[in-house]
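In structure tokens below, several structures.
Look for subunit A in each of the two complexes below; its partner is subunit B in the first and subunit C in the second.
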Partner chain A sequence: MTQLLLNTLSLGAAYSLLAIGFVLVLNATGAVNLAHGSFVVVGGFLAASLGAMLKLPGAIVLPVVLSGMMLIGGLLSLAAYYPLRNRPAVSVFISTISMGAILETATLLVFGPSPRVGPPILSGGSLRVGDAVLNVQSLSTIVLAIALVALQYVIFSRTVLGKRLRAVAEDREMATALGVNVNVMILITFGISAALAGAAGLIFANTFYITPGDGEAYMIKTYVAATMGGWGSLRGAVAGAFLVAAFEVLVPSLPVILPWAVGALPSFGALFSPTASTIWLYLAFLVVLFFRPQGLFGEAVQQRA
Partner chain B sequence: MRLVGRTVFAAALLLSWSASAEETSLTVPIIVPITGLLALEGTSQLNGANLAIAHAPPGLKIKAQTVDSGTAAEGGANALERAVGDKNVDFAVAPLFGTQVLAMLPVALENKMPILAPTGTGPVTEQGNPYMFRLYPHDAISKAAHIRYVVDELKLKRAAILYNTTGYGQSGFKYMSDYLSKLGGEVVFSEGVDLTAKEISATLAKLKAAKPDVILIQMHSASIAMVIKQLAAGGVQIPVVGNTTIAMPATAALLQPSDLKGVCAESAWWLEKGANPMTDRFLDDYTSKFGAMPDAYAIQQYDGLMMALTAVKSGARSAEDVRRYMSTSEYQGVAMSYKSDGKGNLAHSVVIVCYDGSSLTPKLVKRYDDVVAY
Partner chain C sequence: MLRSAKLRLVVGLAALCALASWPLVMSSPYDLRLFTLAGVFAILAIGYQFIFGYVGELSLSQGAFFGFSAYVTGILAAKAGLDFAETFLASIVACVLLAVLISIPVLRLASHYFALATLGVGQVLLLLAIDWQSLTGGAIGLSGVPLPKLFGVQIGRGWPLLLFVWSFVLFAAIVAHQTKRGLYGLACHVVRQNAVAARALAIDPDAIRFAMFLLSAAIAGVAGALHAHTIRIVSPEGLDFKVMIACLTMAVIGGRTHVWGAVAGALLVVHLPEWLRGFEQSYVIITSSVLILILILAPEGLAGFVDRILPVATPERTSTVAASSRPSNLPAGEGVLMPSETPILAIRHLTKTFGGVHALNNVSFSLMRGSITAVIGPNGSGKTTLVNCMTGIYRADAGEIVLGGNEITSMSSDEIAARGVGRTFQNLRLVEDMSVLDNVAVARFRSEEASLGKAMLTGRRDSRLERARSHALHVLRQFGLDKIADARCGSLPHGIKRLVEIARAICLDPVVLLLDEPAAGLNESEQAELAGHLEGLAARGLTLLVIEHNMEFLKSLATHMVCLDYGELIASGRPSAIYQDERVVEAYIGRRHAAELGA
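Our next item is the complex of A and B:
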């Protein structure tokens, strides 16, 4: 049970990085960035290549991954957002889909189609605490995610840059009137968003491997997390991320957590198999959309695409 | 002088004409998954096919046409539909992915086009299609050896089975369950894992709770590597006997030697340098061309394609000729001897290999030849 909880927290922490980055761009531009899943792929391959080349742990290659992804995120905003920023949101929506496809195909061409394994954040292996075996990568993931979220929080709440970024996210027109260079702030936001997704890619590349086609699955999970948690809410994005992780880890574990239920209801195991848990996740998603369309932590209903 | 010049020109023309007259032109469609979740296996298959073309018998002018079948069920069938339009196509290399091969069977039958696939998925040779040739042992064969090793050699009978929810995974699960129960064993836990699933700790928690004494696996490369990695990370000490994908060098490269300690696998191949000149040539050329050791998919595809090319070299001039040759002839490949059992199953040998935890190369522990289903 301890390991399951740890895995849920670890997965939720990694998804949080993705969801926060997604919401930052959403708030800054009012547009959905559907290339966000591709940032995970590019970050994962970057980490895997650096790890293999330098034989260093993920924590050491992380700054390079973050810097590289900031650059890629900034470039993506120049290519997919700026030329279309005054068009309807759907134009940006489509251009980011195109950019996502370009990024993933470029990854395929550069690195080939085979899965790659990234370096562990600190080391592989496990720790034994009493009867529980705790995976070092899971523990490191939680610590790394907390550190990155804390860093993001400090930047956004304690620095002039952060205040400008928040001003743009709150009201672009007012920020412009106050002399803030909105375009630069949006470019930086895309960079931070890509860096957070790249960090998630570094984590996933070790825990699950990474292939060029993985972006779509991560994009869908990010979207579900952001929508369930609350459209545009950073707190909601984190909550949504942990909810998605709970559906992936804890829900299919119910037959182990509640063995008496298996005895009472023979089909309990099948109802909560990993495949069936996907159905439960999307049913929960629909329930939230029906009964609390603003999401669990959202304040108002906004457009979702 | 002019006469000499004309004579030389005429002789050269005659020689070039006779050379081209001896050369047989053929197009070989190589339909394999080189992107998506089966890219690892598909790339090996493609490498094996390309090496066979490089080693083709003299006198064959081959044009290889590589088509990516991806992982969609219809990916292979669509590619085959397009390929059969070429009049120089007398057979096609089909994907290792059984789900795609099943969809290709009606196209092969309709166009009377032999297809060669290194797939273990049971049903592909159970449809009565005379144009289907399986290069990898049928799961009924490979799983018979797999379970015999577990029960007879390891003396283990309480098994947990993990499999992918693909045709290949389900086929292996069916045969492993049946054979285990026939040999007095029991399946204490089983679960199908989607090919796209990443997080499997719930499955592993249920597996541990069932207290099996052995874990049997039938999964594709990325999935099996993830299972082995997470078993090792979770400190699970139960012996694992998996399918051939965990014996692939490219899969092992995703893991640490310590992750693989005690992991065994059934496979169709075991090649050692020095066994014979044919094997040495294959190993040397493969490693120098692709920078990696070959795996079962590469070897079986190499052998199967060489067998079909030998058919053409031996005089097969149509798809029907190739089909007849593949159905009736015996061919000695680098991995084993291939002969159809009347249903298109060409391979009948299985090996068991195990990792000792010190390297990413497994060692041969048992060989089963002429294996029959229970």
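Our next item is the complex of A and C:
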């Protein structure tokens, strides 16, 4: 039970990194970055190959992954967002979808199609605290995520750069009028967003494994998290991320938690397989969208006028 | 213009010949198979244009419908052994049902929700297809899908299958053409460019989006079923997101709203991997880069590029329409009706709050038939909230709005417009890339009872569109705008656009017309002209409600005036009385100043 809770928390922490990055770009540009899931793939493969090459734990590889992803995020904004910034939002959707395809295909070409396993953040073992056996990777995921979110928070709320970044997200025209270079700020936002997603990729590459085609699945989970929490809200995105994680960890373990239900209903196990949990999550999401388009906790989203 | 039309014809014929001779020249079994596949994808892309092109919604489930339909065909044909007619129909119906299911929660929402929620469908189906091995054959898929057999005739591979598939391309193209060309197509255009304006013209954008989404799904169903019969196997690959990306690429490269653009896009995208075989898997990088480049450099795609170098000649519509008969339901003559004492629209105790702030508080007044009522008040006094409540954009928290005895308080915008409340917008909402005539004519959508079903059945001439245009031309003539009927709205000066918007609202045949700051941005002579037009409309029995700041403009125009301040109605009466009213003066220039003036 403790392990289950820990798994949920660590998965939720990793999804938070994804969701926060997604919402940062969303707020700064008003555009949805559909290549966000591909950042996870690229980050994961970077971490896996560096870890295998240098035989170092994830925590040491992390700075390289973060700076590499920042560069990729910045480049993506130059290629897929900047030229289309004054066009209808749909153009940016399409260009980021294409960028996602480019990133994933490039990963496939460079690293090959086989799944990779990344290095653990610290070590792969487990820790004994009293009666409970705790997975070190899960624990260090939570610590790492908290550290990165704290860093992001400090950058955004305590530095001049952060003030400018927030000014751009708040009101782009006003920021321009006050002499903030909006395009540079958006480029930096994309960079930070990609770095956070790359860190999530580093975590997932060890917790699960990573293949070049994983982008869409992560994209959808990020999106569900951002929407469930309330479109455009950072806190909501974190809440949504934990909700998605809870679904993913708890639903497949229901047959274990409730053995009597399996006895009563032979197909109970199939209804709560890991695959089924994704389907349940999506259905739950559609129900939420139907009854509460503003998200579970969030402010009202813009409906069609 | 004429030369360009001729050139278009020549180029079009040449392209058709090239298309027909393609499989004749490249006629190896492999080439024929590729050409057949291109046909399948052309159908998919033509279907995608309904939702992506005509109403401009980025759906990411077209690939999912395609793969889903292929599975339905595969399972029913290979496992259950049903024949083509049955599996084909079942595949299409299954896709449409799935589309209905998806659209209930997401179709009303803003575009990013729609894009991402439709993206999820494909993922869920893909997981199901891999996991549900007993039904779908898991990751390997189902083989042994038979070639189609119709009326006892087996369609062989090679040429017969190619022609079979391409006849469906023709069918899809005809459906697309029928949808696009008439009054229904104009309404789609307005929904895509300006959904709020569509509602004000009694067009329900949700209904049109819903219809287009289902049609997209149905045609994806056709493509998916044919794909299963062509490659004889169904596998999770058909549900992969790559199919969706390919479909999107075809639509963007070819051009979003041109049928032939979809066909050209499909031919290109299907053959590109063959031509770029040297690049192996990296061709995805090339096609995706091309896609981004096209988005940046030629957002309208190949078709838009052709339109730019060979513009479509606009037919001399004005003269042909003018020759047709005068619509019978226009008010006859220029007779003068005096304002009556019958209230045509009554507002009773209307209240609207935003987070504790009363934008409107217990506001009541009535509009008499043929009167021109002005609503005045300082900024933030609730004038625009009032119009938005009256037109169904906001829902009032309390109170009621009664139009000719019927309560309209909780109706949607398009319903209210259909009941006879027309409106114009403070910041103009015309469709810039449509002609003046069509901008106005589309207001006849509801009166002409245009629908998708009727659009499919129209013959060579669309009589609904002709009647709508002739009606629109009559209205334009009243405003002296018939000379510019063929001009594009985007090219017009501001003052003219205001008049066009009023003409559009008049074309709806409203009983009440709400004008939101009609004089804003007009110079004095334009204002005088506008006032003349409005007085003429009122004299013919139309009831007007004018929201305005400009007191000079209102002074001689309004027959009745109400003044709002902080959401409350503080005065109501004849203009001369309002100008003298203490509370009105206070509201405008402040209490102390008013006291000083009084002293």
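Before moving on, here are some points about what is shown:
Here is the rule we use: the second predicted complex is superposed on the first by the 279 of 305 C-alpha atoms of A that agree within 3 Å, B and C clash if a C-alpha of one lies under 4 Å from a C-alpha of the other, contacts with A are read in each partner's own complex, and residues count from 1 in each chain.
Here is the rule we use: a residue touches a chain if its C-beta (ideal position, glycine included) is under 8 Å from a C-beta of that chain, and two chains touch if they have at least 3 such contacts.
All figures in this text were calculated on a predicted structure; none of them were measured in a lab.
When both complexes are superposed on subunit A, subunit B and subunit C clash.
When both complexes are overlaid on chain A, the residue A:Leu108 reaches subunit B and subunit C alike. When both complexes are overlaid on chain A, the residue A:Trp260 reaches neither subunit B nor subunit C. In the superposed model, A:Ser95 lies in contact with subunit C only, and not with subunit B. In the superposition on chain A, contact is made by A:Val32 with subunit C only, not with subunit B. When the two structures are aligned on the shared chain, A:Thr275 is found in touch with subunit B and with subunit C.
Residue contacts after overlaying the shared chain place A:Phe290 against subunit C, while subunit B stays out of touching range. Contact with subunit B, but none with subunit C, is seen for A:Glu248 once the two complexes are overlaid on the shared chain. When the shared chain is aligned, subunit C comes close enough to touch A:Ala79, but subunit B does not.
Where the contact sets of subunit A with subunit B and with subunit C meet, they give residues 108, 217, 273, 275.
If you check the complex, the residues on subunit A that touch subunit B are 3-4, 7, 11, 108, 112-115, 117, 124-126, 128, 133, 135, 137, 204, 207-209, 211-213, 217, 245, 248-253, 255-256, 259, 269, 273-275, 277.
The residues of subunit C lying in touch with subunit A in their complex are 56, 58, 60, 102, 104-106, 108-113, 115-117, 119-120, 122-124, 127-128, 130-131, 195-196, 205, 241-242, 245, 248-249, 252, 281-282, 284-285, 288-289, 291-292, 295-296, 299, 393.
Those residues of subunit B whose C-beta lies close enough to touch subunit A in the complex are 34-37, 39-40, 42-43, 165, 191-194, 196-203, 205-206, 209, 221-222, 225-226, 233-235, 250, 253-256. For subunit A in complex with subunit C, the residues that touch the partner chain are 32, 34, 79-80, 83-84, 87-91, 93-95, 97-99, 101-102, 105-106, 108-109, 216-217, 219-220, 223-224, 227, 231, 273, 275-276, 278-279, 282, 285-287, 289-290, 293, 301-305.
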